[in-house]
Each structure stands twice: as C-alpha cells, then as structure tokens.
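So, here's a batch of structures to check.
In the two assemblies presented below, chain A is common to both, partnered first by chain B and then by chain C.
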Partner chain A sequence: MEDNLIPTYTGVYLNNKALFTEDVPQLLEPIRQQALEDFSTLGIPTNKLERYRYIDLLPSFNKKYDFYLKPNLLNLKIEDIFQCDVPQLDMKEVLTINGFYYQNNIFKGWQPDGTYVGSLRQAMHEAPEIVAKYLNKTYTANDGLLSLNSLLFLDGLFIYVPKNKSLAFPLQLINLLIANNDLFATQRNLIVLEENAAATLVVCDHALSSVQFLSNTSTEIFAEQNASLKLTMLQNVNNKATAITTTNIHQASNSQVHSVVLTLHGGMVRNNFNIKLTGEGADNQTHGLYLPDASQHIDNSVFIEHIAPHCTSNQLFKGILDDTSYAAFTGRIYVDREAQKTSAYQKCSNLLLSPQAKVNARPQLEIYADDVKCTHGATAGQVNDEAMFYLRSRGISAQEAQFLLTFAFAYEVTQNIPLGDLRFRMEELINKRLRKELGRCHNCMITLG
Partner chain B sequence: MLVIKNLHASIDGKEILKGINLEVKAGEIHAIMGPNGSGKSTLAGVLTGRDYIDVTEGEIWFEGKNLLEMDPEERAREGIFLSFQYPVEIPGVSMISFLRTALNEIRKHRGLPPLSSGDFLKLMREKQQLVEMDAKLTGRSVNEGFSGGEKKRNEIFQMALLEPKLSILDETDSGLDIDALRIVANGVNKLHSPQKATIVITHYQRLLEYIVPDYVHVLYDGKIVKSAGKELALELEEKGYEWLKKEVDTVIE
Partner chain C sequence: MAAEQDEILREVTGSEYKYGFVTDIEIETIPKGLNEDIIRMISAKKEEPEFMLEFRLKAFRHWQKMSMPNWAHLRIPPIDYQDIIYYAAPRKKPRYNSLDEVDPELLETFNKLGIPLEEQAHLAGVAVDAVMDSISVKTTFKETLAEKGIIFCSMSEAIREHPDLVKKYLGSVVPYTDNYFAALNSAVFSDGSFCYIPKGVRCPMELSTYFRINAANTGQFERTLIIADDDSYVSYLEGCTAPMRDENQLHAAVVELIALNNAEIKYSTVQNWYPGDKNGKGGIYNFVTKRGICKGNNSKISWTQVETGSAITWKYPSCILRGDNSVGEFYSVALTNNYQQADTGTKMIHIGKNTRSRIVSKGISAGKSNNSYRGLVKILKTAENARNFSQCDSLLIGNNCGAHTFPYLEVENPSAIVEHEATTSKIGEDQIFYCNQRGISTEDAVALIINGYAKEVLNQLPMEFAVEAQKLLQISLEGSVG
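Then we have the complex of A and B:
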C-alpha cells in the first residue's frame, strides 16, 4: 500500500510542476528538491514508527482526492462568506481557503508600522530576504508528513514583526476547507518575531463541507531574543476530516511562546509540536485539551529540545473521552548536555466518560545534563467521587454534577488561554461541546455555496 | 421530622451501626457524641446517601417519606443538609455557578421559579454576612485554597443559602479556632427556627457551649448507649468516655 502512495503524492508535484514553479522565486527550488528526495524515502509514516505508533494514517492517505493547487478566485467579501463569533473582541481576522491566503483579506502584506501580515506566496516577492532567512529553516528530514508539506505547499499565512514592535491587535487566522469533492489541502505558515517583538495569534480550523478532507498544515515559528508569542489553536473540523498539523518552534534567549491547542471535533487529528529552545532563558508552554467522542481519534505529539541552559518548558495535555473515541499523547523531553538548570514539566491527564473510550499517554525523558528539574506524569480515570457526592448532596443531579466536574477538569487548560474574552468564548464552546450541543462553532455562519 | 428505626449499616461487610433508634422533631437540636470510631460519621453518611455504606436493616423516615429510597440529591431537595467534616476542593467549578445550580434545583423542587442573577447575588451577599465570610471567597472555585476555617464557614454559608429543614453538622468544630467557632455557631443559631431541626455531631463538648442542644446522645460501638439533656455533654467533658464504655461493656458481659 505504502509503495503505491509515494508515487501518488510525488506525482502531484512532478505532474503539476508548472503550477509549483510558476511565479515563484528561486528560493523554493532547493526546498522542493530536498523534500522530494526525503519524502521518496520516508513516505507516509506508518504505525511501525515509534512516533506514529498509535495512529494509522494510511487509510486516510490511501483515498482519491482532488488536490487544490490554484486558488479559486472568489469575488466575495469575508463578511459575506464567514462570520465567526469566537472573537467579539478587538481581534482582526484573516482567512485561508484550502491552504491559500484569501485574496480579499483586510491585510495584504506590509503594514504602515513595518509589520507584515499576508500571503506567504506574495511575501516571497515582497519580503524575499526575510522569507529566505527563515522559510523551511525548522525542517528536519525525519518525518514524511513534513517532507510532503515542504513538497506541496503553495501558500499560507506570513507574519513578520520587526524588532521592538508588537502586532497591534490579536490576529485570528481562520483556515477554511471548502469543496464539492474529497479534497487534499496543504498549507505552510511562517511566523517571524524579531528581537523584543510580540504577537497574539488565534488559529481556527473549520471544515465547511461534508466531503472527506485531508489537510496537511505546517507552521514555522521563530521567536528571537525576548520575543513573545501567544498562540491559541481551535480545531473543529468534521468527523470525516483528517487534520494533520506540524508546528515547529525555534526560540532564542528569553523568548516566550505559549500555546494552547483545543480539539473539539475532528475525525482523525494529529498534532505535532517540535520545539527547540536554543537560547538561554527561553520559556515554552504548550498545553492541549482534546474532547473526542463518537469514534474520533486525536493524537498529540510534543517534542521539546532543551539545547541552551536556564530554559523552562511546561506541557499540560488533558483529554475528555466519550463513546468509542481514542486519544494518544506522546511527550518527549530532550535535555542536552549543555542545558544545565533546565526546568521541564509534563503532565497528561484523561477523563474517560465511557468504558469503550481509550487513551495512550507516553511521557519520554532523555536527559544528558545533571543539574535539571524534570517531572512527568500521566493519568486516566473518572471524575472524583468525593466531589461528585459533595455536589449531589447540595441538590445537584448526578448528570449535572458530572457535567460540572468534567468542565472543571478542562479548566486547568482553558485558564491558560491568553485573552479573557477569548477564554470565555472558548469555555462556552467547550460547554456546548460537552453537552453535545455543538455542531459547528456557536454562531459560525457560512453563506458560501 | 426524622425517625430512625433499628438502623444497621455496614461498610465492606463490616457492621458499623448496630441498631440505632432516634427521633428528631422540628425545633429540636440533637447532639450526637461519642469516641472515635463509634459510627458518628457513618450515621451522617447514611442520612445523606453515601453509596459505599450498605444499610442492612432498619428504616429512616423523613417528613413521612422513606429516606433510604432517595438519591443524595433528592434528599437535599427534600431539605436535608450536611455540613461536611472535610469539605472537598473542586478547582474549576466556580462557587457562583455551583451555588446557583444547587439553589435553583432546590427551588424547582419546591415549586419556585429560578432566581435572576441580580436576586441571586443579593441573596448571596446577605447570607455571606451571616458567617462573616470574605466576599472574595465566592469569586473562587469551590473551597479551592480556602483555609480550614474558611471551608467550615463556607459550609454554614451554603446552609444559610439553601435553607434546609434538617441540618447535620459533622464535626464542624474540628480545625476551628475559638473566634471562628463562635462565628460559625452564631450562624447556626441564627438559622435555627421552630420549623427546623439540627443534628450536631461532635467529639468534644466545646461546640455545645455555643450551640445548646435539647438532647445529647452518646454513640458507642454502633449504638446509642445513653440519651439525656444538655447536662450529659458536661458530664462527658469532665469524665471522658471511659466511664461510659466501662458501664456499657459491663452490661454486655
């Protein structure tokens, strides 16, 4: 099966080379060559690989898809297509459609204050030096999905915040999948924060059609010295979709990257985080909450490399699993010989609401320095009996008590969502999701045919 | 109001309560005293519906209804309240949503409409004053980070808010300093009325100086071995439980 898949996907590139090279600067050429070579060797990861042990992606890849290689030039305004009421705050929104930066977004590149918010493809022309300096620089040739992304991406979001500047508003990136036939989408985002720069980004993934989607998205994040990024990811795609995200983060000294990823819905979801702390005093917080039900499969994999001393990292992943859903968490912490005074924490807790739900949590520590503080832990269980009795002894029904405690379980993660209003909206979504009242996001309106 | 007849109960097959008989009428305050391990907390657990306790024999009637057939939440809605010996911390459940959910469930059971946010907050402020509870505490998660004394005050605050008919105070005095004890006891006394009843479970006589009982029962080895007026508590304070134990053990032999 696998042998057939490699030519299928390399063929997408080789047979459409004109589309992949037209109007694109030279800098992409070596990236494509390397990716082609690596993917031809690596292929789609199978569950024989240690890091993909708990997920079988082959059935999702072994289907016929349309490949979205050219943006459909839709002449519509954002407001006419899509309204998301997650924000209701001073957040600005931009869309991508099937991996392409939407042409009518309010941000179209360079801003008066010297920041850049726009299409990655366009930025290759408008900010070539910056793109050349960072694009694909987090790439490692050890994951076929990342190689495939490097081979097939054509566009995505590019954010550049220069030294001592901040993005003046929280930016919301809404990734939409829209199609009449089963569709494969690739997207590459690049976020560059120079020294002392700051940004807040909210990323929402939505599948708007009920066809089968396979999306392979990669995001590269560079936080230079003292830079700060707050990232919230909300995944709410349909049960027929397979969503793969790879978020590669490089952090220089004293930088901070705080991420929270909430997975409300998704047939099969795989999130890879690869974080490299290369400068002293860098701080990384990566938290996740996943709420699968039905037969959904959600798999989070976090790899943190402590290269420099005095860095801190903290991972808290929590799952609430219902029905016959399945979740996996793999957290690997690597502490280099040079990375003395490292503090690295990792915890994965799961609440199983049904006896058929299953979770695999694997913490892995690899420590080569001797003066470090590292802890890890993993649990799976039911709600606390004593708390349950306490609530019921005050007149609250068993069902409502169970709900309150389940919601409370999620709170430890949701309290890390940076903006108060956003946190409140996210909690509302979780509330609806746990009460099984959530199809799409609350009030999310799509009027595109 | 409450009638307990020949109550036997066991935990994991071990019999803890061995034939309790007790009647509590509206307007009365009963104290249940006894040495550690005599079954005091098990009795409170049976009354509130702990599922790890098996009732093997006997009956409990509350206002003419069979209590043993009710779930814990139904008992609460009927008007039974337990002030916990060890109130549990529940991070992530806010005091406000907890109390509002509880109060509205109880109101619904009593045929009353749910309270509006404004009325609820007003009521909460009013009841807070009764136990001199710091307003900041109601902005937190249930019992999270509360000191021992704050947890006990929070129990009485909930009692004030939910207006039960029968309140059971399980070792409410443990972990309280004398000032906190006075405040908590004052709260309980203010809430007491001829329509309500209170059962005070305590090891020491100390709390009974502030909440004066009409009856004192001594529980020993799963049975009520002595019942009398409030003077019994003083006698126990003076002589300890040993003389009673001896008396009972002699009779049994």
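Then we have the complex of A and C:
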C-alpha cells in the first residue's frame, strides 16, 4: 500500500514541475531534488517506525485528494465568511488559505521599520538573500512527512525581524482550510529573528468546510542570539481532518523560544517538534495541552537536542481524554557530549475520563554528558479521590467538582499562554469544551452549522 | 583535586576483567553451523522424546523467517550464525555420585569463581545445580528437595523424566514465535534448569545455578523453566561468569516463570560475563528473553538483577500480570564500563484486576559505555485499578559514556494509575568533598556513593548474593573503588 503511495505524491510534483520551481529555480530546485530523493526512499511513515509507533497515517494518505496548487482558485472574499472573534485582542491578524498567504492581508511584505511580514513565495523575490540563508536549513532527511512538505510547499507565512527590532504587535496567523472536495494542503512558514529581535505569534488552525482535509504544515524558526519568540498554537479543526505539523526550531546562544500548543479539535493530529539548542544559554519551553474527545487521535512528538552547554529546556504536556479518544506523547531529550551543565525537564501527565480512552507516553532521555540535570516523568490516572472528597464535602456537586479539578489540571499549561486576553479566551474555550457545550469559536461554529 | 579525580576515574574506568581464565577440559562438540541436521543431532544426543524434536524444528523453521531486531539502542556487529558450535558437553559424562568423581579441574574453576560447591551447599543451605557448558554437572540437595516433592533438575532430565510438565509449560510464556533470539534458543537450547514446586510447598532453601560459558566458540543456550503451583514459594538465584575470550560469544537464554494461585517466585540474577577488554574487543553478547506469568490470583513474581558483565546486553525480564491482585516487581542495577553496551529493562503487562507493579532501575555508566533503560508498562482494558510505579535513575561517571531512558506507557483503563520518574546525574562534587572532608579518600567515597545509589536494589537480593553483588560492583569499577 505504502509503495503505491509514493508515486501518487511525487507525481503531484513531477507533473507540475514548472509550477514548483518556476520563479526561483536556483533556490528551490536543490530543495525539491533532495526532498524528492528522500521522500522516494522514506515514503509515508508507517507505525512500524519507532517514531510513528502510535499513529497510523496510511489510511489518511490513502485517499484521493485535490491538490491546491494555485492561490486564486477561490473567488470569494474570505472576510465575508470568516472573522476570528476572539474579543478584545490587541493582535494583528493575517490569513492563509489552504497553505497560501491571503492576498488581501493587511501585511504585504516589507514594513517601514525594516521587518517583513508576508508571503514566503513573495519574499523569495523581495528578500532573496534572507530566504536563501534560512529556507529549509532545518531540514533533516529522517522524516518522510517533512520531505513531502519540502517537496510540495508553495507558500506560507514569512516573518523576518532584523537585529534589535521587535514585532510591534502580537501577530495572529489564521490558517484556513476551505474546499468543496477533499483537499490536501501543504504549507511552509519561515520565521527568522535576528540578534535581540523579539516577536509574539499566535497560530490558529480552522477548517471552514466539512470535507476531508489532510494538511501537512512545516514551520521553520530561527532565533539568533538573544532573540525571543513567544508562540501559541491553537488547533481547532474539524474531526474529519488530519493535521500534520512539523515545527523545527534552531536556537542560538541566550535565545528564548516559548511555545504552547493547544489541541482542542482535529480528527487526527500529529505534531512534531524538533528543537536544536546550538548556542550557550539558550532556553526552550514547549508546553502542550490536548483535549481529545469522540474518536480523535492526537500524537505529539518532541525532540530536543542540547548541542551547546548551559542550555535549559522544559517540556510539559498534559492530556484530558474523553470518549474513545487516543493520545500519544513522545518526548526525547538528547544531550550531546559537549552540552555540559544542561538542565532539561520533561513531563507528561494524562487524565483519562472514559473507560474507552487510551493513552501512550514515551518520555525518553538520551544523555552523553555527565554534568547535567535531566529528569522526566509521566503519569496517567484520574481525578484525585481526596480532592474530589474535599470539594464534595463543601457542597460542590460531583460534576462541578470534576470540572474544577480537570480545569485546574489544564491550568498548569494554559497559564503559560503569553497574552492575557488570549489566555482568558482559551480558558473559556477549554471550559466549554470540558462541559461539552461548545467546541469552537462562534463564527466557525456558525459557518459549520 | 580535579586532577586526582581524573586519575581515579581513569583507574576506575580502565580496570580489566578479573575472572578471565580458560579451563582445560576435554569437550565434546558437534560441527559448526546451524541446520535441521544439527538440530536433530542435538536432540538425538540428548536422547529427547519426539515432541521435543518437533518443538525445536518448528522453532528453527520460524527463526529462519525472522530477522535480527534492530530497535534497541545498541550497535551489534553482524553475527554469523553458521560459525557457532551449538552444542558442547564435557566429554566425561558419567553421573556423579559424589564430588570426588567430578573432574578436579572443573572443581578448581568453581573454586576460582568463589563457588565452594560443597561448602556453600552445606554452610549456606543452598542447593547448587551447576551448569557448565550446557550439561548439568552436579546437583546437590536433590534428595532433600525430593522429600518435599520439589522437582529441581536439569532441563534434559526433566524432559526425560517429567515430559508431561515440560510439554504443558515449555514455551507457554515465551513461545518460539516471540522474538528472534527466543526462536533461536527454542531450536538449539542445550540445557538449563527445571523447577517445579508443588501445591502448598514453601521451598526451604534458595535454589541456585551457576552458568558458565567455557568452550571456545560455543554459544550457550540455556532454557530455564520454573513452575510454582498454588500457594507455593520459591526463590531462585542465577549467577554467571565467563572466561576471557577474544571472539565475541553469543548467549541467548530463555527463562520462563509460571506462578499459579497465591504462588510467589523470586528470581535473582547476578550477571558478570566477560565484558570485553579495555578496547572493546571480545566479550559476551547476552540476548536473553526472561518472562514470568502471574497466572493465578494473588500471585507474585519478582525479578532482581545485577548486570555488570557482557559486551552487549539485551534483556527485558517481564511480568504478565494475568491473575487478579497479582504483583510484578523489577529491581535492576546495570553497570557498564569501557565499551560495554546495555539495553535492558522490563515489561509489565497488566491484565487482571487490582494488579500492581513496581520498577526500580539504577543504571551506572562509565568509560565509553552506553547504558539504556527500556521499559513498557501496559495497562489493558480489563485491568481495573491497576497500579504502577517506575523509577529509573542513571548515574554517569566521566563524560565519554551515555545514559538513556526509553520508557513506554500504554494505558487503556481510566482507573489505572501509572507513574514514571527518572533522573540522570553524576556523582556530586559536593558529595565527594563531604566525604573527603571527613577523611574518606575519594575512591572510598565513590564506592560509598555507588553502593548507596544501588542499595534499593541490592536490598532485594538474598543475603549471600547481596554480598557478592556489592563486591562485583566494586570490582567492575575497580582501580580505586572499594
């Protein structure tokens, strides 16, 4: 089955070769060539691979999809049907549609202060040196899905913040999926923060149609010396979708990247984080919260490489599982021989609310340096009986007590969301989700009916 | 101070194997290689009944279809399975009635190993079933055990004399289809120990076996089967040492434990096979499948291991907790030095209600070695109120080694509570300073700290073993420690 899939996907590239390299062949051709070779050998990862042991992506890939290769196929003003209604958010928003940067976005490239917010495709012409310096530089040939992304991406968001500058506003990226037929979407984002630069980014995924989507998104993040990025990802697509994200982060000395990923909805979600701490004193925080219900399948995989000494990293992933949902977490901390004085922490806790829910956790350590502090922990269980009793004895109903405790369990992650309003909004969403009242933001709800 | 510590570390990590010597005994072997004829030959030599030959052949045919597992964090050089002699037995093969009849050189070997066969048997009350290159040489205390109805004998003897029990249980916990090395073992196993504890009997003494690989180019493939019937108890000790050889030797054993209602089996191992020299040349490949099943309600299986030897260790003593309220335990100290590699841990499969398991693993890496813990805790849907606690600590000595942890938690029942904790650290400079300050030399301090670190596991060993294990940890880090 897998063998037949490779030509299906490489075919998309080979039959439209001109389209994939037309503007800037010297930049893109080597990338495509490498990706084509690697994908042809790696293929779609099966659950026989140790890294993909707990997720079977083949059924999702083994379907017929439309491929969205040109941006203007949809002749509609997206503003008319979609508006993110997270209230009172002091954020600027930009949209992508099926992997393409939306043409009516308020940001269209170079900003007066020297930063760049715009389409990656466009940036290949407008900021060719910068794109050439960073694009695909986090690529490693060990994951078929990443190779496939490198082969098929056409556009995405590009952010560049030069030395000593910061993005003046929190930026909200909304990735929309909209189609009449089942659709395969590929997107590549590139975020470059130079020395002392800073940015805050919120990424939301939405599906506006109830067809089957398979999205393969990859984000490359470069944080140079002292740069700081705060990243929040909210995954809230429909339960028929399969979402694959790969976030590759390279951090130079004393840089900070703090990410929080919240997965509220999504039929099958696979999040890969590959983080490389290459400069001394780099700090990485990666937090995740997943709340699957129905028959969702959520799989987070975090790989942190400590290459340089004196770096810190912290992973905290929490799951609340309901119905027949299934969640998996794989975290791996790799500490190189040179990376002395590393502090690395990793924790994965899970609450199982239903007898049919399943969870798998693999917190792994691979350590080659002796002067390090590394700990990891994983738990799976249910709401603490004593805590329940405490609340019940104070007249709180069993159901309410369960909500309170579950919410408190989630709070350890949500408290790390950087923007106050956003945090408040997320907590509200989680609250509603736990009460099974409302699964998504208002407008998406309305559009979907 | 730093220089002194470096010096000590070098000594510690540079020490060589103490038990290397070859015993000159005439050995009867069969030709090299592995095919159906060889298997028929082994079976014939051992005068086995027909069902055993079939068992072996089925396993062999299955093995041919399999390939070496490669998921472990190990670098295993290719093994030529046709270049191994699969059967070696001491040529003189009489049934000994007293120790005097035993080849004196063989006895000398045991003495060098510090196993005073007779003495130990008398003084410590231990029945020793010494296996040397696949054939049981001497079984002591057999009569005492027989009075209680306990069967403790070599596997070959069990096959001949208790075929019903063997037929019923052999391969029931580790089927030949289980994995590559289990299939290989099922096809060619030479000998091993068999133990049956009847209903309601508490085995009055620790049962013990020393395995020893000796003849050049012979793999050792033992097979151990322990059955504890209802309400019985047994504690079994296994200790291993192998002489020094340049070529790598293969050891693929299978151990099966079966605990019926209310039974308890305690299995302790001290493994000190030749780990290869300072440059990583030679050493034993230790690919062992050990698994116990808590078949009955309220049963208990406890594995304790101290692993200091072997060039490559691939070993996961596991418990299948099928009976309600059954308990599985795993205590391990794994020490690697020089170029040793170890990928070891456990599997706890919870099936019955209220099953509990506990994992305590202590890894110590020194030199250029790599030491991995790999463990699976699986809670199936049926395992109401299952409980697991795992703790895996790693200690690194020097900065050329690696310590890794690969736990797998798979939970399918919401009433389960599963916890895993792990830490990685080195011997603290402040701890050594504290000891130095009180007049304890650095090398003594390191010994003290290592032993303190491993104490939680060593405490689980029967007394005779605990002493030996403690010494072994010190010898393995020799130079200064202890």
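By our rule, the second predicted complex is superposed on the first by the 429 of 449 C-alpha atoms of A that agree within 3 Å, B and C clash if a C-alpha of one lies under 4 Å from a C-alpha of the other, contacts with A are read in each partner's own complex, and residues count from 1 in each chain.
What we mean here is this: contacts are C-beta pairs under 8 Å (C-beta built on N, C-alpha and C of every residue); 3 or more make two chains touch, one makes a residue touch a chain.
Values in this document were obtained by computation on a predicted structure and should not be read as measured data.
In the model built by aligning both structures on chain A, chain B fits alongside chain C without clashing.
Touched residues of chain A, counted separately for chain B and chain C, are more numerous for C.
Looking at the shared chain after the overlay, A:Lys432 reaches neither chain B nor chain C. When the shared chain is aligned, no partner comes close enough to touch A:Lys341: not chain B, not chain C.
When the two complexes are overlaid on their common chain A, residue A:His376 makes contact with chain C while staying clear of chain B.
Shared-chain residue A:Phe409: touches chain B; no touch with chain C. The three-chain arrangement built by superposing both structures on chain A places chain B and chain C 70° apart around the Cα centre of chain A, to the nearest 10.
Touch criterion met: A:Tyr390 reaches chain B, while chain C stays clear of it. For the pair chain B and chain C, the minimum alpha-carbon spacing after aligning on chain A is 15 Å.
Interface residues of chain C facing chain A in the complex, by the touch rule stated above, are 71, 73, 379, 381, 394, 396-426.
On chain A, the positions that touch chain C within their shared complex are 50, 337, 340, 350, 352-355, 357-382.
Contact residues of chain B toward chain A in the complex are 48-50, 71-73, 75-77, 81-82, 84, 87-88, 90-93, 97-98, 101-103, 105-106, 109, 141-142, 158, 162. If you check the complex, the residues on chain A that touch chain B are 384, 386-387, 389-398, 400-401, 404-405, 407-412.
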